[in-house]
Amino acid sequence: MSRIDGRTPEQLRPVTIERGWSKHAEGSVLISFGDTRVFCTASVTEGVPRWRKGSGEGWVTAEYSMLPRSTNTRGDRESVRGKIGGRTHEISRLIGRSLRAVIDYKALGENTIVLDCDVLQADGGTRTAAITGAYVALADAIAWAQTKKIIKAGRKPLTGTVSAISVGIVDGTPLLDLCYEEDVRADTDMNVVCTGDGRFVEVQGTAEAEPFDRKELNVLLDLATAGCDNLTALQLEALARTLGE
Amino acid sequence: MSRIDGRTPEQLRPVTIERGWSKHAEGSVLISFGDTRVFCTASVTEGVPRWRKGSGEGWVTAEYSMLPRSTNTRGDRESVRGKIGGRTHEISRLIGRSLRAVIDYKALGENTIVLDCDVLQADGGTRTAAITGAYVALADAIAWAQTKKIIKAGRKPLTGTVSAISVGIVDGTPLLDLCYEEDVRADTDMNVVCTGDGRFVEVQGTAEAEPFDRKELNVLLDLATAGCDNLTALQLEALARTLGE
Amino acid sequence: MSRIDGRTPEQLRPVTIERGWSKHAEGSVLISFGDTRVFCTASVTEGVPRWRKGSGEGWVTAEYSMLPRSTNTRGDRESVRGKIGGRTHEISRLIGRSLRAVIDYKALGENTIVLDCDVLQADGGTRTAAITGAYVALADAIAWAQTKKIIKAGRKPLTGTVSAISVGIVDGTPLLDLCYEEDVRADTDMNVVCTGDGRFVEVQGTAEAEPFDRKELNVLLDLATAGCDNLTALQLEALARTLGE
Amino acid sequence: MSRIDGRTPEQLRPVTIERGWSKHAEGSVLISFGDTRVFCTASVTEGVPRWRKGSGEGWVTAEYSMLPRSTNTRGDRESVRGKIGGRTHEISRLIGRSLRAVIDYKALGENTIVLDCDVLQADGGTRTAAITGAYVALADAIAWAQTKKIIKAGRKPLTGTVSAISVGIVDGTPLLDLCYEEDVRADTDMNVVCTGDGRFVEVQGTAEAEPFDRKELNVLLDLATAGCDNLTALQLEALARTLGE
Amino acid sequence: MSRIDGRTPEQLRPVTIERGWSKHAEGSVLISFGDTRVFCTASVTEGVPRWRKGSGEGWVTAEYSMLPRSTNTRGDRESVRGKIGGRTHEISRLIGRSLRAVIDYKALGENTIVLDCDVLQADGGTRTAAITGAYVALADAIAWAQTKKIIKAGRKPLTGTVSAISVGIVDGTPLLDLCYEEDVRADTDMNVVCTGDGRFVEVQGTAEAEPFDRKELNVLLDLATAGCDNLTALQLEALARTLGE
Amino acid sequence: MSRIDGRTPEQLRPVTIERGWSKHAEGSVLISFGDTRVFCTASVTEGVPRWRKGSGEGWVTAEYSMLPRSTNTRGDRESVRGKIGGRTHEISRLIGRSLRAVIDYKALGENTIVLDCDVLQADGGTRTAAITGAYVALADAIAWAQTKKIIKAGRKPLTGTVSAISVGIVDGTPLLDLCYEEDVRADTDMNVVCTGDGRFVEVQGTAEAEPFDRKELNVLLDLATAGCDNLTALQLEALARTLGE
């Protein structure tokens, strides 16, 4: 079976990671997974939320949002509706947890980093692109904070790398990195967040139509692990470039 | 290692399922997983949300909430704060998706069933107790609607059963059905929703501290699958009793 | 004239008061007036709201809410609507005022007790059941705080007992403790809150249809005073039992 | 004992009722009870809320609000806070119920009248001034609707008159029409809404400090009934004047 | 061409400025521009918002609102809708900026003055009447604060006077101080805020239909400047009267 | 005097206009004025708001928003705060009015076009960049709707072009197109919206510190008119390019 866009089942869409896309943010990345385009900024502030004061430990959190016309039909702004929808909440929390999995709070010290992930264009996989891009912005923000001595010399707040990818079963075939059209038709949809060493940070599998069995789950996890390996390489490659190139 | 409450690692807490706990709701269940106590009601209304009108298909949705003093320290009411928190949203959506996995919308016809899951007392596993109890309330509501001919004769909107359980790794040991104290100390926390035939509806695993590897994931899934088998039996047993006993 | 449920005009519905219904709250009561069932918890926290700090005096407040399916047709959750309705506000305030009428703020010291009254099932008289049950939860919470030395030795924050009952005129007959069906048909509806010594804390009479005259008012007050006497006895009886029985 | 402003215990403050204070509203009144000044408008619209459509019956409702600097220290605007407080809700509902007590819905036909009562200056008794003034605005609005044939010829939607007054026990003395300073010091505070024939629409008595007994209640009701008699006379006198004088 | 109300194009409507209209506020004015009637109060509080603390400088801000029936058809209350509309925000900000233009923050010291401008009756030009009246209330509040030594002796927080007027082009004719009917028909609508010495604080011109050219702009500015001169004279005249006359 | 970035007083910052930046929106533009970068999308929907139905006329409206880290320090999201701030409201309304000035509603037919202007990076002049870019997105959306026959053949909904620029007086010198640092230091700040034929749609001048006189106003208007002429040329140039180049 060939896919809508001609990819093989285990192939990622073209991924681009542009660093330094904002002159204000301490870390910023424009990431694309095919036509999905997410703008990720990392903002460093000294101090932590009240419940963490005096602990000597830092905090990392995230906010996800879609621009109203990032999708095929325009959606209402959550600011206009006056409340944040469940899906937005859910994804913001997922991104925050995923990045905290590779943070050493003690090494970060009492500083807070907020990751803002705004979807400029959506074509499936916005949350996985957001996590993957936000990691790079986070790494840049931490490097900045080290340069500015906001993080003490010799401390390494990042304990590893983290990336994420979607997998799903479409017409009986397990596929990596679903675009929107595939996502809509998927029987099972799974988002997997991995560390660079191949372990899991989050596994979220949902049967959209038919429940899935253990064998299908295993095939999907294999696909996702391999996909995250590729994303890890792309993240490291992006971070190896000099900022501004 | 023995657990806080003396259970073995693969043992459920005592589960009770009381049907008919409300005189108003079409289905109602007071379910407890140990000290966790959730009141689930199923409300049937004819008609469906606007976006589904004319489709001939029904809808099932859920709302989860915790009473302010269901926890050890009192939490603010979301009605008083004027907004629903991310966790509440996330769990409400999970319950709704889980139950819809065993619904045949066509057989339901253009009717809506709302499951309200209100946590009266929390001690870990509120979302899994909610799903497990809500299924029983849903089954009763559907039976009621069949009796009232709201659902057409011969139609079976329920395609199976669904239950849910939490599993986690605490001090290196994989455990089933975590109570609050265990949950707080868990390195990995997973909620698994299964159908009665042992397939997965949802798998949500989160590394709270250390990422987890494939082997740990497999052990947790084994535990959860067995736990859900037991819950399925308890659900069927409860539904086999005459209402009012 | 005989009533819907066979009671005499001056008869209460069966009243049950179960203490210790929550393992978390300092005081907790499941109270029922017939089919009306309200879960009342009392939460003690040290400290008082900002406007009362440094006064040496405590504070008691209440929040009332109905579960969405506590009524015959499901109501929207106020948390989902994003605002609290006028009726909820009004009853929360009434419960708070009623309980404060028997509190000696000085003896309570700078501690706050919040009463949460959540209606699990409604069949008329939810506010009066809430006040009557909340008093018992409050008494238990104060006893707990005395044991824990949060309230200083020898101090008695409770200056008396308080209970509440509804009365109304239905088809020309004054009735005690209206169930929902009677309430709907009442010309005049009155809620009366009394202390154990028979004095009034609140008298709220409303002409639903015809205005009422002084003579009718007097008959209703007689009925209510006698009803509260009975409730006081039931409260004291409940509090005389050892917790856990 | 002489009162702060030299009145006898059973004396009203100077009451003024200016009709036609708005060129837009169908009925409008600026009423003052001493320094308490409330602007009441009655707005007539054809049609009724959805739940009443097709009933052939009309509807009357009210909204009460205080200008931010109507009190001694400036209060936040409820529009800025984004929610309506409990007190505002409670009083709006009281005003609405009070006026509906003298409305024949059938005679009104499917029309809605909204009473807006905005407190320009507060000095105690704002809700009673609002009810008393709103009645006059309502009467003018109904007369206007009769002229415009919005209300059918020969129909009389008003079945009587309604007015309201506060009473209370201050330092042991029962007083009529409490100003703010008296209100603050009152042990018992009662608002009484009467029809012109001396019957009760609402009786709301609250023990602010000590509970009150039946005898005190009777004295307060006597005071209030006499006070409302005087207000009824002032309302009729105001309505007897030609509009614009 | 003669105007609806018989005025010449460059003529103001009758303007009245009543000071001391509230017994609570430190400054208060009931201003009318023809049938437009705005109640302005100035509230002085010691201290400033957090972001200004320790600066030694004061702050002046404003809130504008329309009573629901100040217009021809009743509008919903913003407190009931739970949010403030764009127009209200825009005008509140305009009033605040206009008054701050004549304030010396240092001389004011760390005090805050809030201007509340509530439209009791609207007939065009509510924002300009609000600014013009609020200035007078502000002047009275500052005088009060000087008397109370809240503002230090010898300090003059007011650096000038400020007033505002609307101008517009209706059927090709430039007009001063548009009433509602003219405003609706205007091709261009401009609000101009001037200091007493004839300089501009705000110029806000909007093409409602046809864009306007430089020549038209100049004619409108001439009209507005002359109109503000007249308003300045009326403000000074009002302030010259002894309060209470 | 030379400016921060070396420009002459009457010089625009480098302006770039990239069309077709979204695959979903009917019109989309990424516009930059120096470091200010705004993403503008135009969304076409058939039908109009309720109040306009049956008129045969269309509607154009706009929503403006800043990403949280578009500025030097991160701002809270308005969706998280649950309300839209006054500045956002004000600018959204300005953009909508500006574009409607060049729309023939009849020619548009009963269709609605929503312009979303999201600031990705802010460095002064975000509202003027938004208007200038939104015009181009609007033109593309209208061309699309003409191709799709949503707008009837031969109809020209655009009656002209519109662009906007800021001007201000900094240290006594009138400057065109202020960057953030200049804007902060400006005594007077003015935003001018012009049509392509040099007439005014909006003139909004504000004295930030000293009031400004007529002569200064004239100099600023000259600067702005010339700046808009240049922007008009850039808009036409951008629209002359084939989409996708």
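Which chain is which? They are A, B, C, D, E and F, in the order written, and residues in each are numbered from 1.
FYI, a contact is a pair of C-beta atoms (placed from the backbone, for glycine too) under 8 Å apart; a residue touches a chain by one contact, two chains touch by 3 or more.
Composition by chain, UniProt nomenclature: A, B, C, D, E, F = Ribonuclease PH.
In this text, all values refer to a predicted model and were calculated from it rather than measured experimentally.
Q: Which chains make contact with subunit B and with subunit E at once?
A: Of all the chains present, none is in contact with both subunit B and subunit E.
Q: Would you pick out the chains that touch subunit E and also touch subunit F?
A: none
Q: Please identify which of B-C, D-E or C-D repeats the interface of E-F; the criterion is that more than half of the contact pairs agree.
A: Most of the E-F contacts reappear at C-D.
Q: Return the distance between the CA-based centres of subunit D and subunit F, expressed in whole Å.
A: 51
Q: Taking each chain's centre as the mean of its CA atoms, how far is subunit A from subunit D in angstrom?
A: 59
Q: Report the inter-chain centroid distance for subunit A and subunit F in whole angstrom, where each centroid is the mean of the CA atoms.
A: Chain centres of subunit A and subunit F, defined by C-alpha means, are spaced 32 Å apart.
Q: By the touch rule stated above, which residues of subunit B touch at least two different other chains?
A: 82-84
Q: Should the pattern of chain-chain touching be classed as line, ring, star, complete or other?
A: Contact map by chain: ring.
Q: Mind sorting the chains in ring order for me, with subunit C at the start and subunit D directly after?
A: Order around the closed ring, subunit C first, subunit D second: C, D, E, F, A, B.
Q: Spell out the residues on subunit A that touch subunit B in their complex, using ranges where they run on.
A: 83-87, 89-90, 92-93, 97, 101, 190, 194-195, 197-207, 210-214, 217, 221, 225
Q: For subunit B, which residues are in contact with subunit C within the complex?
A: Going by the criterion above, the answer is residues 22-25, 28, 35, 39, 41, 43, 45, 63, 65, 67-74, 77-80, 82-84, 88, 114, 116, 118, 120-123.
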